[in-house]
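Structures for review follow.
In the two assemblies presented below, subunit A is common to both, partnered first by subunit B and then by subunit C.
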Partner chain A sequence: MAVPGAVVPMRIEVLHLYRTLLRVGRQFSDYNIGEYSKRRTMDAFRDNKNLTDTRLLSAAFSDGKAQLEVAKKQAIVYSLYAPKVKSILDF
Partner chain B sequence: MASSTGLSLKFSPLSTSFKQNKVLLRGICNVNSVSLPSRGMRLGSLRLRVSCAAKPETVDKVCSIVRKQLALPKDSPVTGESKFSALGADSLDTVEIVMGLEEEFGISVEEESAQHILTVQDAADLIEKLVEQKSA
Partner chain C sequence: MAAVRGTLLKHLRVNATPLPLLRNPKTFPNGLFNLTFNAVRCFSDVVMGSFLDKSEVTDRVVSVVKNFQKVDPSKVIPNAHFQKDLGLDSLDTVEVVMALEEEFGFEIPDNEAEKISTINHAVEFIASHPQAK
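Entry: the complex of A and B
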């Protein structure tokens, strides 16, 4: 599965991915899944903050991009079945 | 002469704090040095100076959000001139701070502008500009 010479993301691209993931997390109509998305991206990016190996870097970046696609689709699906009343935790 | 008095008239209602006055004085000094070459240019730089100053309330709100995000103690020095990196924020923290500011002020910061935010003052100025654009 490993692509030889996989592209190492630049700092700006990584920060753009981070911002986009957080924005998608904010879009979720369901408070719980939205908070989970934001928490998970923050944890994942902080865990991988100090990576230097190019293969691990590009693997983590493509993983992040794949998760972004999943999150975008799920945001739409969740909004179709959103509850009428906001969660008590949502303030 | 007329232009500099015009400047001071415009500025005095905006702020009362000493720190803000320091920034304004700097602004006035810059304008004076530029005013010599041509009259047309002076007016342009005057306008730039006015739009640069953000309201103290905005700066205070930004400071409190930064404090909360970076978990700084209440009495730690956070001012308009504070750089995020100097306060112990890495680039991920800066992204989170900008997101928090977007939510607080109901604005949307583009990627381009967000990359240039390095100090509390930068953030406050950008917020003011976007809020103004939104209400316009």
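Entry: the complex of A and C
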């Protein structure tokens, strides 16, 4: 019986999501949040690297997509209040 | 740092490299081909930018890969395959390509980035991209 919404992502979709999340992390004007986003995506994808259960896979993938939406909105919000001077760590 | 170096080199370097005809395979009849090609070249300096020199690209790509945390610097040679020789997985390969994007200051679209699996491939791709800085 097919569970609604349990679409198993293909490998290339997962890599595409990874790349998109890293790009959004790069866009953040706040160095700290940007680094956190990148670090968190790398950790999360690595932890779930060896999943084989289809339900866990599709849950993780949709979780990733939801986080991407949040991150994109936050990148815009943070850019509205960007600090005038770049963080010293950002060079 | 790399961006400053790139800008400096761009100002000091003379852009005298002719574009090889193969780069723009437009399908016009023979007579028109040369005309349109030269017309494109006339406006090209500002619009198309210049291509980076291959040995410089190789040096920069090799140094980016050597600085990558999961890579053993002694194994990095221009022929190296990210997954087979350097022991990276597909997530690491994505990260390496992102690092190359940052080094050269231009975005590599996903479908092209998927195909980059060796250092030589990355060098060829970047050297043939006018937006690379």
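Keep in mind that, in the parts below, the second predicted complex is superposed on the first by the 86 of 91 C-alpha atoms of A that agree within 3 Å, B and C clash if a C-alpha of one lies under 4 Å from a C-alpha of the other, contacts with A are read in each partner's own complex, and residues count from 1 in each chain.
The working rule: a contact is a pair of C-beta atoms (placed from the backbone, for glycine too) under 8 Å apart; a residue touches a chain by one contact, two chains touch by 3 or more.
In this text the structure is predicted, and so the values were computed from the model without any measurement.
Novice: Tell me the contact category for A:Lys84 with respect to subunit B and subunit C: first, second, both or neither.
Specialist: After superposing on A, A:Lys84 lies clear of both subunit B and subunit C.
Novice: Of the two partner chains, subunit B (first) and subunit C (second), which one does A:Met42 touch, if any: first, second, both, or neither?
Specialist: both
Novice: Need the overlap of the two footprints on subunit A, from subunit B and from subunit C, as residue ranges.
Specialist: 11-12, 15-16, 18-19, 22-23, 26, 42, 45-46, 49
Novice: Quick check: in the complex, which residue numbers of subunit C touch subunit A?
Specialist: Per the touch definition, subunit C meets subunit A at residues 89-91, 94-95, 97-98, 102, 110, 113-114.
Novice: Any idea which subunit A residues touch subunit B in the complex?
Specialist: 11-12, 15-16, 18-19, 22-23, 26, 42, 45-46, 49
Novice: Which subunit B residues qualify as touching subunit A in the complex?
Specialist: Residues 90-92, 95-96, 98-99, 103, 111, 114-115 of subunit B touch subunit A in their complex.
Novice: Considering only the defined contacts, which subunit A positions touch subunit C in the complex?
Specialist: 11-12, 15-16, 18-19, 22-23, 26, 42, 45-46, 49
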